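Chain nomenclature is as follows: A, B, C, D and E, assigned in order of appearance, with residue numbering initiated at 1 for each chain independently.
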Amino acid sequence: KDSNVISIGVNAELTGSIPVAGKSCVNAAKMAAAEINDQGGIAVDGKTMRVEILAEDNEDKAESAAAVAQKFVSKGVVAMIGPNASRNAVPAAIVAESNKLIMISPWSTIPKLTEKKKYIYRSCFTDDFQGVVVSSFIYKKLKARRAAVLFDITSEYNKGIAEVFKAEFIKAGGAVTAFESYSTGDKDFSAQLSKIKASRADVLFLPNYYNEVPLQIQQARQQGLKGMIVGSDSWGSEEILTLGKDIMNGLYFTTHYAPDMATEKAKKFIADYEAKYGAKPDDVAALTYDAFGMLFESVKKAKSRNPENVLAELSKLSNFPGVTGTMKFSSGSGSPVKSAVVIQIRDNAFKYYDTVNP
Amino acid sequence: MIMDEKNSTKLLFRVNGLSHSFGGLKAVSNFNLSVDSGAIWGILGPNGAGKTTVFNLITGVYKPDEGEIIFKNEYIDGLPSPAIIAQGIARTFQNIRLFKSMSVLDNVRTAAYGNLSYPLWSAVFRTRQYHNWENRVRGSSSAILEKFGLADRMHEQAASLPYGQQRKIELARALLSKPELLLLDEPGAGMNPAELHNLAELILWVRKEFGVTIILIEHRMQLVVKLCDYVKVLDFGETIFDGMTSGLGQSEAVVKAYFGEDQADARH
Amino acid sequence: MGLLLVAGFAAAFVCDTFNLADQYLAQIIMYIGINVILTVSLNLVNGYMGEFSVGHAAFMAVGAYAASFFSVSVFPQNPAFFPLSLFAGGICAAFLGFMIAVPAFRARDDYLAIITLALIMITKSVLENLPWFGGPQGYHGIQKYTNLSGVYLCTIASIMVIRNIVYSNFGRGIIAVRDDEVAANLVSVDTKQVKILAFVISSFFAGIAGGLFAHLIQFINPRTFSILKSTDILLMLYLGGSGTIIGSILGAAIWTVLIEALRFLGIWRFVFAPVALVMLMIYRPLGIMGGREWRLFIPKENDHGRKK
Amino acid sequence: MIVQQALNALQLGSIYALIALGYSMVYGVLRLINFAHGDIFMIGSYAALFLAVYLNMPIALILPLAFCAVGLLGVTIERLAYRPLRTAPRASAVITALGVGLFLETITLAVVGPEPKKFPALIDLNIITIGAFTATNIQIIIIAVSIALMTALDRLIAKTKTGMAMRALSWDKTYAPLFGINVDKIISFTFAIGAGLAAVAGIFVGLAYPIIDPYMGIIVGWKAFVSAVIGGIGNVKGAVVGGFLLGAVEILSAAFLPSTYKDMIVFGLLLIILLFRPSGLFGVPVQKKV
Amino acid sequence: MLVIENLHAGYGPIAVLHGVSLHVDEGEIVTLIGANGAGKSTTLRTISRLIPAASGTILYKNENITRCKAHEIARRGIAHVPEGRGIFGNLTVIENLLLATFANRTRSMTSPVINELFDMFPLLGDRRRQLASTLSGGEQQILAIARAFAADADFFIMDEPSMGLSPILVKNVFSIIADINRRGKTILLVEQNAIMALKYSNRAYVLENGRIAAEGRSEDITANEELKKAYLG
């Protein structure tokens, strides 16, 4: 073990069903490390140390995610960033917690991830919060009373948020007229969409990944579905614009940050990322970058690599100015309190529309 | 209970009015046979007459459309094959069917499955019961193989042996289940006259040694003449001759359908 | 031999009790053990019986969910009850194996592949829709009861049981079904019974492996038990060589270690690994062991020094 | 509604059927479940994307070119990976196929990157509306071309000597050369046609569902395999009927039953079909005389 | 017409033929006899290249065909009735016959040709649309023989054509063999029904353990007491 580096593990889905997320995560991680190293590193234990990234592929498999976490424990990393999908984050978190390894998941939104855990953090908000946000947006802002949902039932994120939304929307007084599902990899949604059409919903909520959403919208329009369509943070990759083109215009989704309203810090991040990788950062990249930001901040404050010291600082973090908004941790929870934004797609670009605070 | 109609000799096996068709083709119709203990019966007939089908019906490969099959005073028609075999009927196949990946010994031993007398857990924990039974089966299998002159090739893969020896393995396998009735489907196919001679000796010896009753299907008259006490000749599923072997040549129908006019020539 | 086994257990037990082994190493060893159980048990159906089942992920899933259900909700939260939960999981999986054996009587060959594929899809869909187990969000709150000695015991037990079955009258029946099912029937092998037996035993151990897996990872979700899990097991089985126990063990160990060791290659290991696999299949179609069994796994009474 | 859904089912079914044909043909000749076939279909989609975006070709050129290029890929795969295994146990070949599939996926992932790609609109979309019923010209083209291709293939297999040779090989390869059949050639031909049809399906998927990614072949591949089996694997008519049936069941079960249970219903139905017709709808049970 | 010199062949590591030399002249019927496992079928399989020759040469019509592929040999006009029949069970009887014309590009299967075959073998005529796998053993054997004629070859290799046939059909088959021989076809025959075969053939070879042990005119072989005892019973 090199005694003069701060090693940080990245537990990412480089192969398997969400390789894009894995790649963004590793990209952002490398960028964050390079930035801090360009500044000379971080002063800890009386020395200035460079940051070293150990990125490992977890194949988008629970057991591999756990194995990678265990490997990082053996290697004595200071902290682990990732995994991103909840199905991998949860088992990795179990390993991390029992081995006292700090873990920050950029993207896992399942509420259970951080419950009753001391060492587990995340840089995104949870499904619960987002479900409320989407529901109130549709109910209050769009003034819609009849909503339909189409979601991927085999994916924990999609199903989780769809259910929270349904409960919230009904609680608010609306009606969920159709609650339809499909399986990952399906390409034809015509049957579900015509049921949705027949249910006379005003709004369709699609809490699905950006690589599927354009297909769904295209087919919805072909079926003659004319109402508004709303999405969640899983839309938050500009790829969705390339894939969907015009049909995306006018639609809303909730997410972590809006590029056009971004802070200086965020603008710089976006520009740097684009310069380095030739593509706009997606939400995984931004959240990973923030996970690193929070971690670096805590290490700096603790002036130590000792996990317990770092953890003490991390848990106290308040008003951390991240790319994806300002975050703070309170009451011992590893889930940050942060605001969500609503974005509207206009002229083939993400445009800030509204901010929702917790 | 079916009463023994005949006299002193014991009736072992009886088939009454057996019929079977494939689609529109009536492969076997109204086939009757009564076999006494210890006899050797031959079933003859032109190609496609339905002989193999009769064996398949007896051993439960096909279910008869009509008719009954009675073995040792019990109806066996409609039973699944393993149950029929376990009653004491064994057979060989027109095209040799050995278990290719198994050793000669294992091929033969497999036929003891029907008499299995230890439970699964006994095998898992290798109890005394397991060892006793396995030793017994191994003993009787090697004994049979020994008698067939195959003892030295016992552990070789069955498929690598020459044709003639494979036929013997099949016969040995059939005998392991201690059958009372043995059905042989063209055992002499592909053998030269000298080998046929040896085969006949072997079958006679098997009858004596194991006390089995035999029904065989055969086209090689040399074998039929030497072995069979009685023959039955089928043509288009119908019986055209039924009686002592010696009477075969006298039946005009048989000569016409089976031997062809120049009978002497065919009876080599 | 017996001594060796006891020593192995003692070593595992000591490591567990005093937390001696490196946790990462221990984790990988346990994965290997679980994979060996899966591979050896699949071998019974795919190797010895010569069918092509792809349903092991489903049996594993049922074992995992059932064992977790028992350990979380039925029995007291105490490791002492873990063997019971594990066994219950195995039984549930075995029951599913029994159910699938019935259509398997009728379909043969590649239709069995399809039936078992359907089984995976249905099992996964059921688990996604059952509210009690968390659906796609997964089953949480499982305790870590799986340890080295547990995995060791189960692995050895599965190997011994399958070895003893294969080299018994039942095993000859199973192999006879592979070589010639019709002929097997006609030399008194009850092929229905044989198939039920093979399926039930095979899925029982897959269920055990699932239970161990669940209590190691402490979290399971339906996606873990997708068709990809089955293909992994298939790859391990045929990599080592089906129809031999040593082949299954080697296949599981090599594949697990290789994928783990080459993790740093990222995507590229899944470019190279298949190429290596295809090359191996071409030059050794029967897998690494080439159909040869290790003497250790042939019971004394069956060992004839196999002439080539 | 039902007419509308039927049309949707036909479109999905055509695609399944085209891919299922490749499975079935290869299976028919080699008794090999070519698990790489779904990935060949994916390559077909990418090949068309390449031709359209980088070489700016029109659809009329892309279809035949992609057919040939991917057909050649099929032949190459057979040549390199499957031919050496022709006498090996069947399972080795199946595992090799799994390996080839995995290779095709990851090499695509590594080379073109994991980001999904937008498939260009090669045909201008026209929506035809008659009352409440809407159809698109793309739907109609897909269905028509698929049916034409399948009919041609069925004729080929049932009526020509080559077709007969293909069927003969599935029964026995050792003795086939005795009758002047060039086994290698027939097998290569089979792979070429099967892979070519998969490429056509790949293009059609691109047209109908214009987002493609390196993993798109997995699910569709399995489903096409299921179609082939429902119909009776090794049987061309069966593959077509199986494909349409699966498309119909998927669409109709999602349309008229709770869509959460879709997979359960689809695969449950498959189980039931196989329970009552263990060799598939059109499969002739393999009868070997005892 | 066919000259084999010092042929060695076998199955993988197992050597079966240890230097077989024989020749068949145009218009002849030559019989090859020998005990089970002597290597008769192996010899025939090597000629039609179902298995490769390890060494030695095979000349057909003065051309070396030792390295030709099996389908090329068939297309040169050598028809092989294999042991175990090798019929295609999933094709119908008529399709089996049609397929055999693959070997002869110039011959399209017109109905007169098929009808001629069905006239020759009436047993098949009744079953022309039946799947070959469901034929009885003897029917399959007849189909295998008929199929060899479909390609209109010049040279026929027949491996135990009478196996499993009833006496009447055995005679029938032999008379057909004699008949096509009269029409100028050459035949190499392996038969266990040696007496019958020798009666119809011009010359014969005796194969023992992969070597030619004796050869001569058929009458001489029949008369040889020693051979008679070993092979003719």
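In this section, contacts are C-beta pairs under 8 Å (C-beta built on N, C-alpha and C of every residue); 3 or more make two chains touch, one makes a residue touch a chain.
Worth saying up front: this structure is predicted, and the values here are computed from it rather than measured.
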(request) Touching both subunit A and subunit C: give me those chains, sorted by label. (result) D
(request) Determine, using the mean of C-alpha atoms as each chain's centre, which chain is farthest from subunit E. (result) A
(request) State, to the nearest whole Å, the distance from the C-alpha centre of subunit C to the C-alpha centre of subunit E. (result) 50
(message) Taking the mean of the CA coordinates per chain, how far is subunit C from subunit D in Å?
(response) 31
(request) State, to the nearest whole Å, the distance from the C-alpha centre of subunit A to the C-alpha centre of subunit E. (result) 75
(message) Based only on mean CA positions, could you tell me how far subunit B sits from subunit C in angstrom?
(response) 42
(request) Would you give the residues of subunit E that are in contact with at least 2 other chains, written as numbers and ranges? (result) 134-137
(request) List, in ascending order, every residue of subunit A touching at least 2 other chains. (result) 15, 19, 153
(message) Touching at least two other chains at once: which residues of subunit B meet that condition?
(response) 52, 61, 93
(request) Would you tell me which residues of subunit C are touching subunit D in their complex? (result) 46, 52, 103, 106-108, 110-111, 113-115, 117-119, 121-122, 124-126, 128-129, 182, 186, 227, 231, 234-235, 238-239, 242, 267-268, 270-271, 273-275, 277-278, 281-282, 285-287
(request) Quick one: which bits of subunit D touch subunit A in the complex? Just the residue numbers, please. (result) 1, 4-5, 8, 11-12, 106, 109, 113-116, 118, 127, 134, 136, 205, 208-211, 213, 215-216, 218-220, 250-255, 259-260, 262-263
(message) Which residues of subunit E touch subunit D once you look at their complex with the stated criterion?
(response) 48-50, 69-71, 73-75, 79-80, 82, 86, 88-91, 95, 98-104, 131, 133-137, 147, 151
(request) In the complex, go through subunit B and note every residue touching subunit E. (result) 22, 44-52, 94-95, 160, 162-165, 186, 189-197, 219, 221-222, 257-260, 262, 265-268
(message) Taking the touch rule as given, give the residues of subunit C at its contact with subunit A in the complex, in rising order.
(response) 22-25, 27-28, 31, 124, 128-129, 135-138, 140, 144, 213, 216-224, 260, 263-264, 266-267, 270
